[in-house]
Amino acid sequence: MSDKKYVNVFEFEDEAKKNLTNNAYTYYRSGANAEHTLRDNIDAYSRIKLNPYVCAGLKDIDLTTTVLGQKLSIPIGIAPSAMHRMATPRGELTTVTAAKKVGTIYTLSSLATTNMEDVAKEQPDALRWFQLYIAKDRKITEVMVREAERLGYRAIAVTVDAPYLGIREGDERNKFTLPPHLKLEILESFKKEFAVKGKEGSGLFEMFKDQIDPAMSWEDIKWLKSFTKLPVILKGIQNGEDALRAAQLGVHIWVTNHGGRQLDTVRSTIDMLPEVMHAIKDYRNTVEVYVDGGIRRGTDVLKCLALGAKCVFIGRPLLFSLAAEGEQGVLKMFELFEKEMKVAMMLLGAGKISDLGLKHLVKATIPVSNL
Amino acid sequence: MSDKKYVNVFEFEDEAKKNLTNNAYTYYRSGANAEHTLRDNIDAYSRIKLNPYVCAGLKDIDLTTTVLGQKLSIPIGIAPSAMHRMATPRGELTTVTAAKKVGTIYTLSSLATTNMEDVAKEQPDALRWFQLYIAKDRKITEVMVREAERLGYRAIAVTVDAPYLGIREGDERNKFTLPPHLKLEILESFKKEFAVKGKEGSGLFEMFKDQIDPAMSWEDIKWLKSFTKLPVILKGIQNGEDALRAAQLGVHIWVTNHGGRQLDTVRSTIDMLPEVMHAIKDYRNTVEVYVDGGIRRGTDVLKCLALGAKCVFIGRPLLFSLAAEGEQGVLKMFELFEKEMKVAMMLLGAGKISDLGLKHLVKATIPVSNL
Amino acid sequence: MSDKKYVNVFEFEDEAKKNLTNNAYTYYRSGANAEHTLRDNIDAYSRIKLNPYVCAGLKDIDLTTTVLGQKLSIPIGIAPSAMHRMATPRGELTTVTAAKKVGTIYTLSSLATTNMEDVAKEQPDALRWFQLYIAKDRKITEVMVREAERLGYRAIAVTVDAPYLGIREGDERNKFTLPPHLKLEILESFKKEFAVKGKEGSGLFEMFKDQIDPAMSWEDIKWLKSFTKLPVILKGIQNGEDALRAAQLGVHIWVTNHGGRQLDTVRSTIDMLPEVMHAIKDYRNTVEVYVDGGIRRGTDVLKCLALGAKCVFIGRPLLFSLAAEGEQGVLKMFELFEKEMKVAMMLLGAGKISDLGLKHLVKATIPVSNL
Amino acid sequence: MSDKKYVNVFEFEDEAKKNLTNNAYTYYRSGANAEHTLRDNIDAYSRIKLNPYVCAGLKDIDLTTTVLGQKLSIPIGIAPSAMHRMATPRGELTTVTAAKKVGTIYTLSSLATTNMEDVAKEQPDALRWFQLYIAKDRKITEVMVREAERLGYRAIAVTVDAPYLGIREGDERNKFTLPPHLKLEILESFKKEFAVKGKEGSGLFEMFKDQIDPAMSWEDIKWLKSFTKLPVILKGIQNGEDALRAAQLGVHIWVTNHGGRQLDTVRSTIDMLPEVMHAIKDYRNTVEVYVDGGIRRGTDVLKCLALGAKCVFIGRPLLFSLAAEGEQGVLKMFELFEKEMKVAMMLLGAGKISDLGLKHLVKATIPVSNL
């Protein structure tokens, strides 16, 4: 176990880079096309200003919260991301163990390099969610969901922002493919055509086009709701209109642009959030809203929660801390978020998650030109 | 034939540079004066955010469209640009062949290094348009238009943003001139004073001042309409007032700032487009609007179409792909646009060109300061 | 005594760097986390434009002003900052002497490396204020305040923006600690647990968490007011709501974000000031407002005063000029501010401090787009 | 005579730098303090967009205009600038000769290194104006004005933005002083205390403080008007309020911030102009408005004129072209402006100066977010 100290979440990336092949590092890091949205996901947070209240009389800070009825130690879940065995030998098994230790949600990706059962067995009591891509062959999808239920996954996050895979130029250049000793264990366990082999351009792009159904529609969401008892979450909602539609179907909402990896020049997620919250305001008792994308600072988390998100999720920080130091890296990364959040909430004058609200964001700075 | 793979349209420029003289490369690349507009033509696209809808149930994407009654395989035409023989030995013959294979419009420039007839013969069935500069000697202009009609060109695009040629500083420095073995075949076939010889500053600038009529006016447009049956397009419209005037005369509108090569510090073309669309709203059944300038991404095309353009045109991407790999380069460049557009439309939730509309652009991001 | 000439306040930093250990320099320079607010504190001033009036008929400029009934030679006080003996051998004794010579306020930090009595004895007649952190053990706080009264300090500035210490990444990396030959003389004279020893991360961060009371509240302010006759100032007010609350309790207001060292991504202080002034408008006869943060230019001072601040304070310019050349450095630094202010007021058309007002700031530049 | 070709006005600076001492180059180049306004004077022009009209039917372009009843060949005058003999051996004699050849205004600075009479004799028929600083000793000022009248200067431009000289840090560092073989011939011919000798910091700053009257006021303007028949212009007006006051006294208005050399963080001049034009709208028949600052492009000139300025003035372009190649350099520089203006007006659709108006500026680009 390394005794390297990290002073912020960004620093795991440098360490990770040392341990990853260029093929893997590029796959983890990249965004779609010119990566405008990838950058904006991060930059947008510095445009939003916090509004601190003093003399708040807070003894300490409580970061716990409740998501879909389950208690989390910190309002930061692990977003689904593919292929953890490229980052660390035991891959998803390491991740689920870290999530259990932290006390937060682990969302297992359909594109994992470990199968659903092994992950479940590794940490039966972990707060596991399952992320679903809807296959052209709906039978496969149905069986997968039933399997998730059987293995104690607590929610189904259907990814709706990826009818096609986005074009990531680095992966095109590298003709990205899974290292030969690894497999998409979950998908291939259902059908072996799901393999990722790079020939022309990105192999993942090709597999997607062949096997995942771009024609997935709102009807499929109803169908899913019809046969599973698990809460359903739509991961990929990006505007108020779709958010309302989701809420009306009784599914939860995960605001994301897939970490800037799908459609370039869409808004940063934090810029989408106010519109989404506004659209579903009549459903706030029954529908939860989550958000991910570019969250690297304790203050980023607070801004999302102040706008109304129930919790946030992280993608690359998980991957890079995992690649840097395995389970230990993930724990260190969460400790950093915890410390930053606690200090920031103390300075903001908010003692617990439910205290956070719009008042903690600067709504109107009076410019001199308006005096 | 090279097997070099390009992952985006920008990459052709580097390859082209290797094959071009500095004289030619500078001529192709440059914009007017400080090149503010040249840069802004490109930058403006990243300021406009796409608004994707999920669960759209699309099986695949249809990029075909209809322009002036003709079917295109993709809503991207080839803008007129001068002197293709500096880029590739057979010059415009190569371009027209590529256009035919792609299934899109090729606009032949008045300043071509191949004459109208040879281009026509090379691809009699290609969707050829002819770009016209109005000469001081109107007789020449009239004969040229008749010749275009005779040779099966399908429309006349009159360039109205170039009463004088803009000042491109690189060409001034290089004293730009055509290589001695080339000629402005079209113009010189009508009158040999159209030759481009650099003495003081840019030779093209001087030829223009001598031979092209700066005093061209709306009367000339009426005159043109009076004797040709071909559709007339005004290439160079840059605001709503002129657009309305054009629409009232029954001519089509090509919004362009000539690729930032004429008047520096005018708006980017995508910033002109809403005003133009608004101005001609009563004529949208009869008048088509096209736009060019800085289009390098599939998403750029979608933004133009969502605002109401019928199709877009590209200048430098054609020249650089032509210089990089001749016909092959042009085909590869169009394939890239096609792939980017298809992925983007799938992610946007629009299955065909006519589905695109304002709803696919972010109209109002609620800033935190407005909550 | 060095005869080095400085042409602006920024230049002291380079000189200081030569004389400081990396440990000390980093501590002085740093801001919290990504240092957005640190940078914005400075940048914000260049966004505010001055509006000069000509032909003002001013013979000369009078910079004197009155703060809490005391006359200052210049409306720039010295903000409290910790540990001056890291900058210069006699530390706070040098600072208080310089302040006396300049004729302005010196605010002694609780975290000084010289005790309250020695500072008082060094310059009994200096305009000394005392900055207070509220200790977990309130007895200590009470004794400290009584001591300040006894020793002729003229006001108590309670720092309210630091229930926890902000995270300064440089200090975390350096495991910041006081050099062994130095002590927090004031705090340790009351209780020796206040020592700063770096183990894991910043030693100051740890001392703070152990000894300073994060639960400090508005009740404590009332309690303080109840037993001291000295004017009380809340240092750390950052919005209008808290400002009003302070004004209602009859305490003065020091708008600051602690030099960008506490909560990152809060507004620059000059962006907070209009909201604060507006909120306390009914109390402007009794409550004074001060501001600090990023003030490096004579024009920065004028902008604060034009918005309604009674005077400004400086942190790092004091530390860097002190480290550069001790007392002499501080005097040179104030001379620079004096010269810049006098020239700027002459050019602005304002002859004395009380002439400054909103009219000297550009309220509305008519953009061409509004003509 | 050099046959070096310049393709834009900026290029003279590089050439000038080769011929100038560092002392002189820095003096010419610098702006006040952090040079925010210096930079913004130039940058502001690229924020204003031109709005071109096509098919304007213009044969050629007429750049002539009338200022104070005198015909200019081009609407660009020469602003007063000090000490031309640092740039070229015959100094102001060369400048006035160039101005005569160009057919435009030459404003002789009070700080010239050639006396008023020699300049007048060199070019008796040139359109000469005289720039005045009001000396502490008003007698000197009065005599100077009478001398200007006697020698055929056609207007008095009183500089009102320099009660003190601005702080230019480069000059402070260089302890700027006139080279020993040169003198402020005009001022010293009236009183020898006007000499510029650098001791501590800038020598010009010190001379100013000693000899020029900061207490100059609107009364002095009335006094000036009372005894001279020459038109009076206030050079340094920076807002609408002062502009109105000037107009009411019947003097003309020169909007300038002294090339960013006086008060830093004032607006760029082009950002001041709309407010000034609006304020004096009832006086537009009798009062002329000029503007200078950062004008380097033909399009910059057009933007000023479109907003209502009668003509513009240039400072550094004159100095740098003069230092680059003497008279020849100045003529080349004006030729560049002439070419850029002619091309730009042709492309804009404006055939003569009086055609220019607000319609040639983009007033409202409809952002997508407003559709």
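Chains here go by letter, A, B, C and D, matching the order in which they are written, and residues are numbered from 1 within each.
Keep in mind that, in the parts below, contacts are C-beta pairs under 8 Å (C-beta built on N, C-alpha and C of every residue); 3 or more make two chains touch, one makes a residue touch a chain.
Values in this document were obtained by computation on a predicted structure and should not be read as measured data.
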Hey, what angle do you get rotating chain C onto chain D on C-alpha, to the nearest 5 degrees?
90
So the chain most remote from chain B by C-alpha centre is C
I want to confirm something about chain B and chain D. Since they are copies of the same sequence, is their interface symmetric in residue numbering (over half shared, so same) or not (under half, so different)?
different
Between chain B and chain D, centroid-to-centroid distance (C-alpha), Å:
42
Please compute the C-alpha centroid of chain B, do the same for chain C, then give the distance between them in whole Å.
59
For chain B, jot down the residues that touch at least 2 other chains.
48, 362, 364-365
Chains touching one another, given as label pairs in label order
A-B, A-C, B-D, C-D
In the complex of these two chains, what residues of chain B are touching chain D?
33-34, 36, 48, 160-167, 169, 172-173, 200-201, 214-221, 234, 236-239, 241-242, 262-267, 271-272, 274-275, 278, 307, 358, 361-365
Touching chain D in the complex: which residues of chain C?
5, 7-8, 45-46, 48-60, 297, 299, 339-340, 342-344, 346-348, 362, 364-371
